Structure formats: C-alpha cells, structure tokens
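Have a look at this one.
Each chain gets a letter, A, B, C, D and E, in the order it is written, and its residues are counted from 1.
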Amino acid sequence: MSDTHAQTVSFVRDTMLPAATPPVREAGAIKWLRENLFSGPVNTILTLLGFAIVWFLIATFWDWFAHSVWNAGSLAECRQIIAATWGESARGACWAVIRDRWNQYVFGFYPMDLYWRPTMTFGLLMVALAPVLFSASRTIRRTVLAITAVLTLWAMVVLGAPAGWLAFAAAVLIGGFLISERHVLWLLPFSIVYPLLGVWFLWGGSLWGPIFVLVGPLLGWIAWTLVSRIAPMLGVVAAILVTVLFWLLYAGDAAADAERLLSLSIQTVRSDRFGGFLLSVTIGVAGIALSLPLGIILALARQSDMFLVKTLSVIFIEFIRGVPLITLLFVASLLLNYFLPPGTSFDIILRVIIMVTIFAAAYMAEVIRGGLAALPKGQYEAADALGLDYWKAQRLIILPQALKISIPGIVSTFIGMFKDTTLVTFVGLYDPLKSMSDAVRASTDWKGIYWEPYIFVGAIFFLICFGMSRYSMYLERRLQRDHR
Amino acid sequence: QEGSTLQQVQQRDELNCGVNTGLVGFAAPDASGNWTGFDIALCRAVAAAVLGDPNKVRFVPTTGQTRFTALSSGEVDVLARNSTWTFSRDTDLALDFVGVNYYDGQGFMVNRELGVTSAKELDGATVCIQTGTTTELNLADYFRANNLSYTPVNIDSNAEGEQQYMAGACDAYTTDVSGLAATRAAFADPENHIILPEIISKEPLGPAVRHGDNNWGDIVRWTLNALVAAEEYGVTSRNLEELVRSSTNPEVQRLLGTTDDLGAMLGLDAEWARRAILAGGNYGEIFAANIGEQTPIGLARGLNAQWTQGGLLYAPPFR
Amino acid sequence: METIERKIDRSQMKVSDEVAIDIRGMNKWFGSFHVLRDIDLTVHRGERIVIAGPSGSGKSTLIRCINRLEEHQSGHISVDGVELTSDIKNIDKVRSDVGMVFQHFNLFPHLTVLENCTLAPIWVRKVPKKQAEATAMRFLEKVKIPEQALKYPGQLSGGQQQRVAIARSLCMQPKIMLFDEPTSALDPEMIKEVLDTMIQLAEEGMTMICVTHEMGFAQAVANRVIFMDQGQIVEQNSPREFFNNPRSERTKLFLSQILGH
Amino acid sequence: MTDVPAPASPPFRPSMLIYDRRYRSLTFQVIVFILVMAAAWWLVDNTIRNLALMGKNFNFGFLFQRAGYDIPQTPIPYTSDDTHLRATVVGLLNTLIVSILGCISATILGVIVGVARLSKNWLFARLMTVFVEIFRNMPLLLWILIVYAIFTEILPTPAAYRGENPEWSMIFFDHVALTNRYTALPTLAMTNDPGSLDLGARVTFNWATIAFATVLIGGLLARRAIKAWAQRVQDRTGDRPTTWWINLAIMTIPSLLLIWHFGLHLERPALTGFNFTGGLNVSNALVALWLALTLYTAAFIAEIVRAGILAVSRGQTEAAFALGLRPNRTMNLVILPQALRVIVPPLISQYLNLMKNSSLAIAVGYMDLRGTLGGTTLNQTGRELEAIVLMMLIYLILSLIISAGMNVFNASVKLKER
Amino acid sequence: METIERKIDRSQMKVSDEVAIDIRGMNKWFGSFHVLRDIDLTVHRGERIVIAGPSGSGKSTLIRCINRLEEHQSGHISVDGVELTSDIKNIDKVRSDVGMVFQHFNLFPHLTVLENCTLAPIWVRKVPKKQAEATAMRFLEKVKIPEQALKYPGQLSGGQQQRVAIARSLCMQPKIMLFDEPTSALDPEMIKEVLDTMIQLAEEGMTMICVTHEMGFAQAVANRVIFMDQGQIVEQNSPREFFNNPRSERTKLFLSQILGH
C-alpha cells in the first residue's frame, strides 16, 4: 500500500495517434437496415407491421389512382372511359371533375371575365408579405417574388386582363422585386396599403372608399401626436376615437361625394359571387391580418396591471375560447343583426370575417401572452431605466422579441383558422370543401362523385397548411441563429 | 327604420331575395353562378315589377336555419325558398306568407327492389330526412299516428341526402314530393325508384315577407297573382305586347295596365305586371321551363293547375 | 488590487458641493415586508459611492428606488433637485438623467450593439439618427469595442456585453450612473475589463453609485463605502477607514466573510 | 427601527389624473369602463329595439313546449312528445358521449403515435410522422366527411345480410353486424331482471347496472388497497409482492358471480324487416364523428406527447441509468412523472378543442347539442337569440369545467421551485 | 489553496494494489468521429484520479464509458473484475457499483431530496424503505444538508443540489465514484462546499475519478492527474510533478491557460 503508486504509472505520449475509421462490421446498407429496422424482436415486428400498413394502403388505392381519368364531361363518361380502357370491373378516379369545375373550385362564382382580378390580388399579396414574412432570407425572397411575378403575369395574360391593369401589375411586381433587392423594408408602405387595395381589387367599386378608410387612421395619428404630448395613453384613446368616429360618421358620405366629383370605379363584384378557395383565402388572409393586431392588444391588456382592463380582456378571451367557432358563425349569421341598429345589415362575408377574426384573436392573445411572459423582466426594466415610455418600450423592445418567440404558436393559430374557414358552409357560404362539392354534385353531370372533390380540396389545404408550418419552423430556426 | 321596404328596394335599386342554397329546379346556381329555378323566377318577376329589370336581384342563399332570420332581420326583402306556410310561422315568427306558388306535400321515395308499395309498410325502416324542416315534424307525426317505428337519419343538405339514399344508408328518403321528383330525375336510373302514393302532409310553399309592411306584402302577393292570372287569361310573355294593343278583355286590360291604373294603388307604375310577366313568362311558362314535364325534374301540374283545370291555382280578381 | 490602485488618477475625481441625490427618511415595503428602513443619504456631484452588504439587505432595492424602478412608500428622494413622486414628468426627467447598469446586462437581444446604444437617444431625446450613431460610436470606442458595433449582443462575451450596457447608458448623457453588481454575472477573466471601464468613468468625474462585492474596486475608486444590512445603512465611511477600521460588528463579520477566502 | 407602514399620499390636484402614475391608470380604467358600458348599452338597446320591431321577446318559455321531432340516438327516453328542454338535454348528453369517447380514444391513439414517433424504428417513426402531418394539416370537417363517406360507401346495407347465402356475414361469432347505417351490437339481457331504479323524469337505472358499477368501483378500491399493501410490504422488506393475479381475481370474480346471478347473456341482433333489431344499433353518424375526432385530435396529442417526453432532459435518463435503474423503471419512476406535467395542460386544451369540435356533428346529422337546441329546436321555434345564447352558455360552462379541472391538476403537480 | 491543503489528512488515503478499473486499448467513435483513441488506464482501489484537458478532448466520454452510459467499440473495460459488454447483467452490476455525479446535478425534480436518495436503493437494491431512508439521512448528514431532506431540488441552491447528487450516489454504496465537472455549473461561493464534500470522501478512501478544472483540488487530493487531448491520454503523473514539471508541450500550454490569471 502506498501513496506513490502514481510514479509507477507516470506516462507521457510522444506521438499523437491519428484518428482511425470506425470498425466496419457489415456493409453500409445492411448495417443501416439492422440498426434502424431490425434491431430487436419488437422492432422487427414493428417494421413488418409498417410494411403491412404501407402494402395495404398501396394495394387498396393503387389501381384507383392508376386508373385516373382526366378528361371527361361527366361521371358517366368517366366510367365509360374506365370501363373501355381497363375493363368492366375496373375502378378508377375521375379527376375530370376537377378539370371541369376548376374555375368554380378556385374562384367560386366570380365573374369569369374578371378572374384576373383575384389572381392579381393574390400575386400582389406576396409583394406585400415580402417585408413581413420573407425578410429573413434574400434567396427565399428572391425566389418567391420572381416566381410570383412570372406566374401572376402569365395567369393574367391567359385570363385576359386589360392591358392597363397588366401594366400596373407588372410595375408593382417588378418594382417590388427590385426594391426588395435593395432594401426590403421600403416595401412596408405597400404592405400597409395593401389590405385596402386588396379589398378594392376583389370587390371593386370606387377607390374612394378605401382611400377614405385610410384617411381615418391618418386623422387618428394626427390626434395621437397632438394628445400624446399630454399623455400617451390618452393619445391612443383619442386616436382610436377619432378614427372610428371618422369612419362611422364621415367616411361613407365623403367617399360618395368624391366619387361624384371624380369617378375612380371598377366593376363591382358582390360577396355572393365569392366561393371556393377564393373565399377561403379571402377569409383566411383577412382574419390573419386582423387577428394579429387584435390579439396583441388583448395580450397586452391581459398582461396589464390595471384590474379592469385585465378582467375585461380575460373575460373576453375565455369566453371566445370557451365556445365552438360554429356558434360564433351562427352569431354572425343569425344574431349580429339583433345587436346592430335596426335596419343595418351588412355583408355576410364581412360578418364572418369579423367573427373569425375575434375567434383567432383570442387564441392569438394567449400565444402572444406566452411570448410576453417568456421575456426576462430585465428587458422591461432596462427599457424603463432608459426612459422609454410604456408604448415605446412595447413597440421597440418587448413586442419584437415576444412576437419572435411566439412565431410557432402564431403560425399554428393561423393554420387552425385557415382550416376552420371550411365551417362557413354552415352559414350558407360556398366553401370549397362542402358547399362547393355539394353544388358540383347537385348537377346531373357529376351526381354521385364523392372522393375526388374531397381529395382534391384536402390536398390543397394540406399543401398550404403544411407549407406554412414548415416555413414557420424554418423562420424560427433562422431567427434563433441570427442573433447568436 | 327609414322608409318602407319598397322605398328601400328602390333606393338600393336591387331586390334582395332569399333562396335555397341549391335545389335543382327551384333555386340553384349553375357553374358560372347564375341562379335559375322556379323560385328564382318569382324573385325576378318581383324585381321586374318593382325596379323594371328582372336582373336587379341579389340572391342570398339561406340554409334551413338562417332563412327566417335573414328575412326578419332585413337581410332579404322577400324569402322565396320553398318554405311551408304554417300557422306558427305566420304568427309566432312574425312572417307574412303572401300566397302559395307551389302546392306540395311530403312523400317518400324508396328503391323499387324493396318491394314496398305503401308508406304503411315502412315499419322499422330507416328514413333519411333533412334537419330543421317541417318534414321532420310531419314524419314524426305520421309514424306516431300510424303506430309505426322508424329510425331517422338526419342529413344536412339535399346532396348529402341523395348520397345516403343511393348508398342504401336509408330505406326511404322523405321530403316534399317536388323535391323527391327533382332528386329522382337526376338519378342515373330513375325507373328503379318509386315515390310512394301517400302524401303525408300539406306543404303550401310560398313567398314570405316581414310582418308589418303591408304594402310590400301586397306587391309580392299581387305579383304572384299576376303571374297566375296571366296564365288563366292566356297572357304569355310572347303574346303580351300584342294583347296590350289588342286585348278587349277588361280583366286583362286592368292586369296589363292599359285601363285603370292598378299599379298606382301598389305604389308602382301602370306597367308593373307587364314587366313581371315578361321577366319569365306567366305561371305556366315558369312552371314548364323549370320543373315541368319537359324538364329533367318532370313534375306534372297536379294540384298546381289552374282552378279551371281542376287545380288549386286561383288568382283573385284584378279590379 | 495594486494594478488598479496604481492606474487611478485621483486628482481628476473632484467632488463638488452640489447635491446630486438626496434621500431623506425613505422607507419601502414589499407587501408587509419592510425592505428599506429610514434611509438617509446625500450624494454630491462627482461622488463615487460603493454599497456593500449581505445578500437580501436591500442594496438593489435602494438604487432601483433612485430611478423609480421601485416605488418608495414614504420619505423623499430627489435627484438633481427633482423630487420623485408618481408624477410621470418627474420620473421621465430623472430617468433620462440617471443611467443604470444591471447585473445581467439586459441588453436588447434583437438589436445590434449600435442600435442598442442609439435606441433611447433617438426615441427619448429625439436626437437625429446620424448624430445618435456618432455619439454611440464615441462611447463604444470609450468602452473599447467599436468594432463590435454591428454585432448582436448574443455574439459577444459577457464582459463585452456589460461594456455595451455601460455605453448604452452613457449615450443618454446621464449625470449619475447606478451600477447593480455589474460584474457578478461575469466570468473571472472578464471582470477586469468591466472594472477598467468603470474606473475610467470615475476618473472623468461621473457621479456613481455602485453595488458591488469587488472590494478592490471599492478601495481604489470609491470615496465613500456604505454598508447595508436588513434594509438599513449600518455604516458609511471612506474606503480606507471602512476596510481597515470597521466599526460595527456586522461590518466586521461581513468583511471577514468577503475577504475570507 | 419601526415597522409601521404609513405611506401618506400627496394632496390631490386634477392634473394628476393625467400626469400621476397612480391616478392615470385610474383615469384610463374609468374611460375604458365608460366605453365598455356604452358599447354594452348600445348592443342591448339595439337588441331590445330589434326585438320590438320584429314583434318578438326574449323568453325561454319555448323550452317547455312540445318538441315534435324525433332524435335517432337518445341516451335517456325521449319521444317527439317531449319538450324542447328534454331534447336539449338529449343533445347535450350526445355531445358528452361523443366527447368523452373521443377524448379516451384520442388519448390512447395519440400516446401510441407520439411514442412511436420517437421509436428507433425508422419506418415506423416515418409512418407516424406522415400520419401526424396528414391529419393535422387538413380540416377536421374533411375528415368527418371522408370517414362518414367511407362508412356509407364501403359498408353494405343491412339487406346484404339477408338470405341463405348473404353477401356479408356478421363478425365476432355472428354477434356484430357492420352496415352503412349503423353497427349492430348485441345487447345484454338478463333472465333474472332485478328491476330498475327510477330517478324521475323517466330516467331509470337498472339495478343490475348499479350492482355492476358498485362491484367495479369496489374492485378499483380494492386494487388501490392492494397496491398500498404491496407498497407497505416493499417498504418493510424491500421486496414487492407480485399482485397481478390478486388484482385479476378481484376484477373478474365478483363480476362473473353477478353475471351468473342475473343470468346475463348476450342477445344477438337479428335482421327483421328493414333493419337489425334486438340489438344495439350504434349509428354511423356517431361512429364516424367519433373516429374522425379521434384521428384528428390524436395527431395533435401525439405531438404533445412527443414534446413532453423530449422535454425531460436526457440527463434525467442518464442519472437514472447511472443509479442502476432499468429502462422500464426509469420510464415509470423518472420520465413519465415529469413528462406528464408537461403533457397534461396542452392535453386538456386538446380535450377542450375536441369537445368544441364535436359541434361539427351537424355535417353527419349526429344530433348533439348543436343539432337539437341549435338546430331543429331553433328552427322550429324561431327563437334564435335565446337558443344560441343558451347553447353558447352550455358550451362555455363545459369549457370552464374542463379548464377548472386543468387548473386543479396544474396546481397539484406544479414543481416546487425556489 | 492553502486552506484545502492544510485540512487534508493524506495518511487515511491509502491506495491498495487491487485493481478497480482496468481499461485496455479502448476506442470509441461517434459516427465516424474518433473520440477516444487507444485508452489504457488502470485504476487501483482507493486511487483518486483527476482528469483534465481542453474542452472536447473526450474526458466526459471516457468516464461515461466506465459505467456504460456510452458504449465503446473496441478494447476492454472491466470494472471490479466485471467486463463491460452488452450483457445487461454485467451492466447492472457495474452500474450499481459505480456512482456518478454530473455537471448539471440531474436530480429528479419531482421527488424530494430524500426520495431522490432512496429511489435507487429501494428499486434496485430492494432495501426496505425505512432502512433506505436511514442510510439516506446518514449521507445527507455527511454532505451537511440533513435539514433539506423534505424539500424539492428546485428549492435548493446549486451547491446544495450538487451535494444532494453526491449523497444520492453514495446511497447506493458504490465502490467507485465518477465526477464529471461537478463544480463547473456552480457559483463561486458554492464551489467550496462541494469540494469540501469531495475531499471528505477522498479522505475516507473512496476510489474516485474526477473530471475537473479545479486545480487546487487536484493538487490537494489526487494521487494521479491525467491530461487528455484529442481523445488520448497525453500525460499522467502525480499532481506535484504534473503541475510543477509538465513534460508534454500540450500540457504546458494547457496549464498556462488554466493558471494564467
């Protein structure tokens, strides 16, 4: 027994060993298979089960898919073709219905000669989104904008857009592309006016309406700058008040007067012409755009230390989250008219958008609240110590960070909301999933067609929702990396 | 509330008409969104009478749930959505049914293979039924009264009902006979389905307006009556111009506004009925064009023939 | 310690007679817990005060009261002649005169170093952006990290971050600087660079109140050391007296613990 | 050194309403309050005026009128002669039935899928990922419609079971028939029927049911006692006695005795006339809705479970392994208790979603609360204001109950921290 | 450093000739990355070995191989005569003989301190609960926190948590203890209390392998210091020799960095 054992093992390495390659017991593929599929009895069973499932799915659906018919005028014709080509008892998919009713699925009952308008609106949406969504990566932005520009212009030409509008769209798309190459944030003003432009393009009518809607917040901003010298919080109240009052009392008449002076109108398309994916996307995009700011306000209110404000927002949020969306849609279609002054009745799509917005905003508020709560208290204190007031601190310090943290939650709320736009079928709107498919099936040609419309609509929803969720994951990773 | 419904409609220069979301023959949009059908024609006639243009109509698709609210809240000016005129709807729901444009009754459709020839043989059957309609109540009453049992399969739209029925998920499909006929007409094998002889209810379908604005009610009522009377007097959209010039029948003259300005009593001009008839023809023409025997729907006039032909259509005198 | 002592040019560090901060009979409660008891403290312009004391003794709370991150419930605090009440104008005035550096830096992670420094001048003082950036660069140079201006805080080491935090405060051109244990979240290698920056500030005559356990810094720079315990000022003295000749028992105990290992 | 809190406030000046932090928040709240009150008053006033204009009133009397319509699935006795109130209760029970069934099955499926996604088996993990992504990214309504369509289109009509050589035959030893209308299940029948307990309002419970429930609960209590006993033995000796066979006996023997006593046997459904009778016909509307809700919600639950397990840091497993705990013990003693804390709150909000989503029952004609009170009743009586308000209230109360449950759970498992 | 040196009673710390751990020609890869290269190491009962080396040199991986938290791909490891293969029985045997303390404590947050300590004895060693608790309390007393037994880990300071982690390992009555940077996640004030506990263990003759950067501890307690770099043992020696007379260039470089400031 000794304490000097160490001396006996004293050791110095003179030459460093080089790295060696790991021992290869089996060939690469077999090793992979063994490790990932057959690493034990349970795993082997699972693998076999998995193969069985895959095989079952393929066996069941393969010939149905393989025997697809793309070109036919009716279901009967489809069946004839299938019987003629693959034999009497063959089953096959009749995608011809999508081809035949493509326009209806995409544009609903929108006037055919104006199809270019929604197309253009959607194309410009990408430009408006560029500074908000694609600001993270130049490559992505470049790809998205370039593809959008080409596709939109091509589609507009095909759909017979007038030359003037074609030039306009080309100018915006190409201009947007060039500007975004230089400084993407310069597109922000376009993003801000886009909602109103979009409304005008889709519904048509006089441009003065949107212009005067825009004047409201402008006046509100003036009121805010004036009043917030006294107290910022009152400034906000004043701004909202001025804006709302202007909208309620003056905007309509002013727009009508202006229209009389100088007509800036394009053909009006009424809400009942909206349907299919145009309807879903319109409700979805509007709901998304409106629910985010509302959600932020609700979240801030819920975080506020003012008891009344907090209580009100808690009640509101919990109430909305406690009832199914479908009941809110019922409120929109059945009850809203009770709550408004007698004789007012406004567009059902608008009512639905309001309800969907409120619904999404309540969820959004909770998501953002999570983001706010995740911020260390030090951020608030540092902002305070630098002399920033509440609103500036929120705007410059807190919200940018909280929103970034909340991106996954926000996007999944969006996805949920977009999926929920299919529920408008229950208030008589022509959503692509049920109402539109029912309408297609009601015609003699396509009576009895069942799976194809569902699969088609489902696939489109999947593409959009899956794309959104993947993009948000990408964005999240990117933002995490960015500031490290 | 500013002004009467008539004023509002004229100011808007458009008639809001509540219709079915899709029932071929009565009201359905085609692939490009143009509405056609028996109920649609009535809306167009009213629009023509009031606004001078049968195309100044906005069709508001309403579901079974939303139809009456849409009317009472003012979202639509007139509801022409094959709705049954019942006591409680007329009174409790504060609606005014201004007439009947189609006398219907509830019936059953079954597959010929079942070998059923009478509704009395349906004991224990599964019956498909659209939720939220009077048919639901009639069905319950009928089976109770006859001491039969049944299982309802509630469905949400006509298209869904057809699907269920065709797949055999229900033995019988019940709705108004007109609807059954329309549905059957669209089948690939109509001959394999029979509509049972029992008509278990009276279903007078007609346009409704809000309680309280009697003048507007009159306009819709008399537009409908004008269409019916026009058929009775042989006024069609084709011979109308000629009759205006040449007709000596005082009733026709009053109807067409060549004598006695009846239109003024409604707050309209003298030619209102002419325009209404020109919009889609008289009642008979509308019937024939949308649901008559020449159409895929293939309904016989039956109860909906003129009283002179043994039917129930009977327009009060224009005087 | 020697190194610090040597470098400092005490001649520059004049204390004027003007009162910068005046605290009188100030009390503060958290709920029913009495954190600060009857605090009386006068700080003159140019003074460098170090506050020490065991954990939980109320040091942080005291300096956070000075720029109203915490509200006191009785007594008076006036900063540069402005009395701190709940009047927003006064609070704003005081806050733009008083800079604060936190233990955990509290930089804004979503802004670059430069943006961190220019944010408050631009939005609070309404300085034009160009000018704010020029000032910020000047102070970043002073804290010796101008080359990091375009990086994000997350990309810097702790010491660099704390120096940015100091620069950020300085950009508001404060008359008084508060430090709340600015070095205690730092790895040992980085403490020195931050202390150096603070010493430089002291040399330029900035009025400073600093909560710290860096006794070397206190000995070298402070012209007064305040010892707090249980919410009260137990002892205050010149650093030399304080360290060599502590009078209260509690101070002695504290010093033995701090300097013990 | 006094401890007297005596904060005196400075004298009040009107300008403090705006400049003073304390009063300013008061001012703001008063403004908000006035605005909210004004808005509320405006809404109520509009409603009153609208009601007057339409000649209606706000009155729940309609609930006590005769409903007049039939409901396919009635958990409590109901005929068309009953009141709308009873129809509402039937609808509510139907909502609860599909919700509870859905929650149970979605949890089971979700846990399996979530764990399988973490499996080392490449193929299986990928399959589960595909499942999750497909179901999460398409509207629930689509799934309800598709599942329902599969049932109606693929399963046979009851007639297919008829005749000498039927096209389809019943499964489970001729006890269950799958049709495109319903699944015909055998019912339990008794030779010694002990009669029923009448709860009033025509709600009855068979004594046999009560007996079985008692035995079941007793069995569960006994199991707990045995578990506690096993724990005590383990505490004392270190060895845990094997208890599964005692448990098995406790859970089965009394039930078997009861079955023998009541002469309980299965009564097979038989095809008479148009349909199967003599059994329990579970409508496809329920099954399809339940299945669609299950699949859709399970996809979300799987993600929650996966995240919950991943949230327990790898260090926990390592520490347990280093202590010599076997993997299954590690799972039970270390991973699961921690993962549950992460999993349960979002899990419960999924339950909430499922309950709310069950209102899509309308798409398949399942008569839930939405279908009765918010559907036919509303439609027949024209009382949309009352019906919708009542319906929302009921949903809200259900939600609040579920979230209250969640809060209790959260409070009970909250990790103690400094 | 002096304080530590002084306290230790080296006479107690005997090294026997029995071999506790024997590692021969051991290699390990992560994918194609060669983390451990040809490791040969024999540890005798009662030895206290400190492993040092730059970050990423494979120190953690090495000691994690010893209780099979990582699997080695070639060569042999035997612990107390039991060869580590994928045989579960052997692994169980080794794991219940080898205690391990992690950098981030890895206490079970849902169990009290006492439950943390009794969990493994009850479920692995099948010790009656009473007895397990008694043992646990003994070890908690040894690490000087018996009064915290009923608290949850989240309620303790880092130093206390690490001492609980040590007690938890000791409750399994291990013959060998592995430490993976036990103090590097701790605040400076708490390092000492944990080191004290470890010294106490060493004095009682526990066989220990400790990855640490606390060179004071190494000098005071270890009877061998092993320096690793790039997955290899570069130098091993007695602490005195190692610190005063490092022979390899890499060791010198490393020591100069570590002791530099």
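Rule of thumb we're sticking to: contacts are C-beta pairs under 8 Å (C-beta built on N, C-alpha and C of every residue); 3 or more make two chains touch, one makes a residue touch a chain.
All values reported here derive from a predicted model rather than from experimental measurement.
Relative to the centroid of all protein Cα atoms, the closest per-chain Cα centroid is that of A.
With respect to subunit A, maximal separation of chain centres occurs for E (centres as means of Cα atoms).
Of all chain pairs in this entry, the one linked by the most C-beta contacts is A-D.
Across the assembly, the mean Cα position most removed from that of subunit C is the one of B.
Centre-to-centre spacing of subunit A and subunit D amounts to 30 Å, using the average Cα coordinate of each chain. Chain geometry summary: the mean Cα position of subunit A and that of subunit B are 41 Å apart. Work out the mean CA point of subunit A and of subunit C, and you get 48 Å between them. Centroids of subunit B and subunit C (each the mean of its C-alpha atoms) stand 84 Å apart. Contact of a single residue of subunit C with at least two other chains is seen at positions 88. Touching two or more other chains at once are residues 1, 65, 69, 73, 160, 163 of subunit B. For subunit A, the set of residues that touch two or more other chains comprises 231, 330, 334, 337-338, 342, 426, 450. Against subunit D, the residues of subunit B that register as touching in their complex are 1, 64-65, 68-69, 72-73, 88-89, 92-94, 114, 122-126, 131-133, 136-137, 139-141, 144, 150-156, 160, 163-164, 167-171, 210-212. For subunit C in complex with subunit A, the residues that touch the partner chain are 67, 69, 88, 92, 95-96, 98-100, 102, 104-110, 119-120, 123-124, 152-155, 168-169, 172.
Remark: subunit A residues 76, 101, 103-104, 108-112, 270, 272-273, 275, 330, 333-334, 337-338, 342-343, 345, 348, 426-430, 435, 438-439, 441-444, 447-448, 450 touch subunit B in the complex.
Against subunit A, the residues of subunit D that register as touching in their complex are 18-19, 24-25, 27-29, 31-33, 36, 43, 46-47, 49-51, 53, 116, 119-124, 127, 133-134, 136-142, 145-146, 149, 153, 352, 356-357, 359-360, 362-363, 370, 374, 384-385, 388, 391-392, 395-396, 399-400, 403. Against subunit A, in their complex, subunit B makes its touches with residues 1-2, 21-22, 24, 28-33, 58-63, 65-66, 69, 73-75, 157-160, 162-163, 166, 186-188, 296.
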